[in-house]
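First up is the structure itself, then whatever we jot down about it.
For reference, chains read A, B, C and D in written order, and residue numbers begin at 1 within each chain.
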Amino acid sequence: MPETNRPLVISAPAPRTLELIFSRKALDELNRRYRLIEADPENIASLGDATLAEVRYVIGQPPLDEATLARMPRLRAILNVESNLLDNMPYEVLFRRGIHVVTTGQVFAEPVAELGLAMALNLARGIVDADLAFREGRELWGGEGNRSARLLSGSEIGIIGFGDLGKALNRVLSGFRARIRVYDPWLPGSILTEAGVEPASIETVLSSSDFVFVVAAVTSENEGFLGAEAFSKMRHGAAFILLSRAGVVDFDALIAAVEAGRIVAASDVFPEEPLPLDHPVRRLPGFLRSAHRAGALDPAFKKMGKMVLEDMELMDRNLPPMRCKRAERETVARMRSRPVSVN
Amino acid sequence: MPETNRPLVISAPAPRTLELIFSRKALDELNRRYRLIEADPENIASLGDATLAEVRYVIGQPPLDEATLARMPRLRAILNVESNLLDNMPYEVLFRRGIHVVTTGQVFAEPVAELGLAMALNLARGIVDADLAFREGRELWGGEGNRSARLLSGSEIGIIGFGDLGKALNRVLSGFRARIRVYDPWLPGSILTEAGVEPASIETVLSSSDFVFVVAAVTSENEGFLGAEAFSKMRHGAAFILLSRAGVVDFDALIAAVEAGRIVAASDVFPEEPLPLDHPVRRLPGFLRSAHRAGALDPAFKKMGKMVLEDMELMDRNLPPMRCKRAERETVARMRSRPVSVN
Amino acid sequence: MPETNRPLVISAPAPRTLELIFSRKALDELNRRYRLIEADPENIASLGDATLAEVRYVIGQPPLDEATLARMPRLRAILNVESNLLDNMPYEVLFRRGIHVVTTGQVFAEPVAELGLAMALNLARGIVDADLAFREGRELWGGEGNRSARLLSGSEIGIIGFGDLGKALNRVLSGFRARIRVYDPWLPGSILTEAGVEPASIETVLSSSDFVFVVAAVTSENEGFLGAEAFSKMRHGAAFILLSRAGVVDFDALIAAVEAGRIVAASDVFPEEPLPLDHPVRRLPGFLRSAHRAGALDPAFKKMGKMVLEDMELMDRNLPPMRCKRAERETVARMRSRPVSVN
Amino acid sequence: MPETNRPLVISAPAPRTLELIFSRKALDELNRRYRLIEADPENIASLGDATLAEVRYVIGQPPLDEATLARMPRLRAILNVESNLLDNMPYEVLFRRGIHVVTTGQVFAEPVAELGLAMALNLARGIVDADLAFREGRELWGGEGNRSARLLSGSEIGIIGFGDLGKALNRVLSGFRARIRVYDPWLPGSILTEAGVEPASIETVLSSSDFVFVVAAVTSENEGFLGAEAFSKMRHGAAFILLSRAGVVDFDALIAAVEAGRIVAASDVFPEEPLPLDHPVRRLPGFLRSAHRAGALDPAFKKMGKMVLEDMELMDRNLPPMRCKRAERETVARMRSRPVSVN
């Protein structure tokens, strides 16, 4: 394509990099199809009017004020390559103008779901402690070692939150013939039913599950909503697996419930990351730890670039983006998020 | 049912017990439907002719010689509640007379498949070492900790052996959109195709898989068939997961391949059980250990009793058993097995 | 709820009726939760300012001009209970204001998919003509009657359009182990791949399928795009099944292709409805006819009401509608539709 | 392979032919691997002792008496390429000697299931009569034509008999989110549960289903077991679809139930085949007729040959046949069957 015909794209994926999210092949395609401007995310406004006037897409979520956006009349979409939406641009203006704001967080759904399933199986079978015991020559053989072991197959499973992550979890659980109940106040029951799961109240999910997976995003409304009362409703010995954000859980209450032997738990997220070296959860028996590693796999990052290319191709043809997730006018302000500091 | 009408059953489940394999409810049903004789497994012949003449079923696999069997004209089935077939009765005589010999090993398929999947996910994500590091304050966060992490989703998976275990594995893998190849020389390819997997040679399974699951029984023909040559064909960094019997593997070669960093591995079975305290596999990095705990869960044992009751009910109506697995005239002699010493 | 607190809803579902789309139970719920104004669809503007100021939802798609909309500051959504979007309101204004325009056409997906599958099976097995022959005593028995019969199982299937209808078709085809290719220019390939179908060009879909299902909506760009050239690319004897709108097909060319014996076909939609009594397709052999009956089943209509209630419940809580389909700024103008005249 | 090493096979597939059941490629393979003797089925005994002594397999089910079998010491299997087992050989002798008797009827499962589903959809949507009306210019459009139409999706379905046919039906129904109950007295309930269907009594299946599929074989015990009483238990307007053998049904009672408007029905099998020209079922409204065409498709026949080759390959290696279905000592005598007269 001649230089002048290629649409203009502002590249501002920090803290990520184009190399992280595009494979070499995808990066070639990106460059072949678009003119890229690697801009200082903190200073988009400093780009000249002639440049801004041509911009069709922004990759990343740099701060943008209304005045700068007004200088970008051809802007079609902000392609946010983090999972969070920062409060650094006037979303209402974007929605009004019909500029799409899309996120690519669903790339993490598959790796997070796999880790979540692994955590559930680990808790059910005591795999970590059994391997440690084996290393140290104190392993128990056969049924002796299975006193508290149990199966996912045929169990009752609860999922809190049924976005991309919940759906991916449901998929990796599909071979287990389990009864799966879901609590998601943002979705109508019939959508859950069609997905093959049972809509349920948060109470039922907590009190009727052998395994509870938490994959709900933190919103302004649900911070810390899973606390002492929630854990007290759970079945004795049930497993609590936290995969989304530490903010939805009262972590001290979670630790207390595990310490008391009421439940077992696993978490990929923590109230502080990195966690202080003396934090009690570090050596808490009945607790499986993962250092925010659930999603951050290279194939997931590379999928981001692929999704961005696919949606830009649709928007180039004046079609709506169908691959990434669109921010919603109603909920954008409810998403309480912090910048990603580590990829 | 009046005492005299209830069919007679010899109970000789040792080394297992009726209590292990029957729930209380199932045991009640067993007693309601049948007259049970708890016999000394080593001395079935000592039972009187009048008794033996009435026996319809034997639960267990006590030694039985042709003469004793001749005294049991109404015998319909031996319901073996182990997974192995011992060489302690004249199977040819049983087959000729149309006496079914059935095994209940398929109860272990589901728990073994779950552990196998857990092992694969553990190897893929380094879960045990990550938790240990976390306990010790040297965990790596986010992408830093995922340098060698990978996904099952979209991977290539090989399964060696497609009996009940292989089928259960295929089921728990069904949500992963993986390409699954199977090597099983005892099954026609079209059966594998209908099960949604690809029939493949052992070479292809080894060389084209990211994860290789071994669920083949030991036979007189395949002892140690997975050795240095096999491991050398595997993809660099691929995972080898051994779930059936240590006998199919050259364990020293397996250890060498893991030690050399060529592959990673997990095993539930070992050449000696218990394993000597100084065995090198105990502290081998890249190796996940489980002390023959894959199948021996209480719900699996209780399922045995249920299966036995279901098949006896069919045979009481002169129908063939459909629930347990029947020993086959052609293969019974090939199964090289040892008594179960631990449940 | 006290009268004054119940949100106000304008009911203008013509040509449908509330009774058609709401079960008695759902209608009770509608009335319990909302104050309903049954308005003359042609004269919404005549409602008083005080009334319009309170309106939260409009059920139906009455003509609405910008001035009237300006008098409705609390309007959150137009819940269109037809499948088509008429050009009778300023959609740009609605989008700018963030007022959702949603459609309920997906209720027809399931009944249409079932009829589509039935048509394919009918064409594959010649069921109509076989029954007629049987009535008249000239039936052919067994293999004699199956000279041109074939299976869906294991066949190659093409689907043109992968909206709700295409997805429902894919679902009812899931038990057939068929290879399914999809052409949909509005969707990125990776979404099709994740749905378990293969993205393909229109040429490949036409030339490599034993059964071609057309479920694409008519747009300003695809009118009559399936004509003589398309049919000439199809496999000899393949089946062409038209389920969406007659407008996407050059009907004369379709008739010619069937008449020539090149393909067989079935259609639920026709260039004129009702069709003239002397239209040649009425007695065309190799053609199966259905008088626009694919979707219009009572359970489908009743599902509309349920969907409307579910989405209003979400929007009452200031959440986005998730059940109905939202009109898109980019595509609303491309949908060329006519009013529904018959339910 | 040198002539003398190829195992000997007696070919006696009448009334079928090798050409019907083997593709050209499969026939080549058959000839390459085996020496074939095309024998007069009525006179196998006339073959010389030297020949009979070498026979490893018989393809077909020619009459065989004990004396002739005694002259065939190397016989491993009778591969019956019909669906029925005739009472023309001493099965007890075969079982005693461990000679497998296998049938290939499962090749018909897929085509029969497809026709069964087509029949259900036809009855649900009135497709045949709608097409006839359309031909004659008296069709009803849209909802008008759907007064008695209904969906399979979400319906309650009963299946009587869960052999290969029932399983294939369950598979093609898998995309319909229906509740499926199964009555099969020869199978334990847990096998049905694992297959994803609900075990149920015959009464429940009849009284709680919108669609009842009959795929049970005729046995000495179930002849005519579905009669007036059974039909009186069915839901008003429910559909009865007969796919296996007319013998399990009291056909006059079936006709009466349809005539009275209590149920609708479809059948592929009839008490006499061909059926007299004046039989009342020929013009019975509410009844869909198929002249024993459900299974007899060329791809099904060709699959037979493939199955025979696969199982002979296993048996050549002294493994049990796994592809075809084995006759069972307990049930062989219960199967009341007649010779196939038409393919």
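In this text, a residue touches a chain if its C-beta (ideal position, glycine included) is under 8 Å from a C-beta of that chain, and two chains touch if they have at least 3 such contacts.
Fair warning: this is a prediction, and the values are worked out from it, not measured in the lab.
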- prompt: Would the interface of subunit A with subunit C count as same or different, where same needs over half of all numbers used to appear in both copies?
  reply: same
Query: Based on CA centres, what chain would you say lies at the far end from subunit A?
result: D
Task: Express in whole angstrom the distance between the two chain centres, defined as the mean CA positions of subunit C and subunit D.
output: 38
Task: Report, in whole Å, the distance between the mean C-alpha point of subunit A and the mean C-alpha point of subunit C.
output: 34
- prompt: From the C-alpha centre of subunit B to that of subunit C, how far is it in Å?
  reply: 51
Query: Once bound in the complex, which stretches of subunit B touch subunit D?
result: 95-96, 98, 185-191, 306-307, 310-311, 313-314, 317-320, 322-323, 328-331
Statement: Residue positions on subunit B within touch of subunit A in the complex are 110-111, 114-115, 117-119, 121-122, 124-125, 127-128, 130-135, 137, 139-146, 149-154, 171-176, 273-274, 277, 282-283, 288-293, 296-299, 301, 342-343
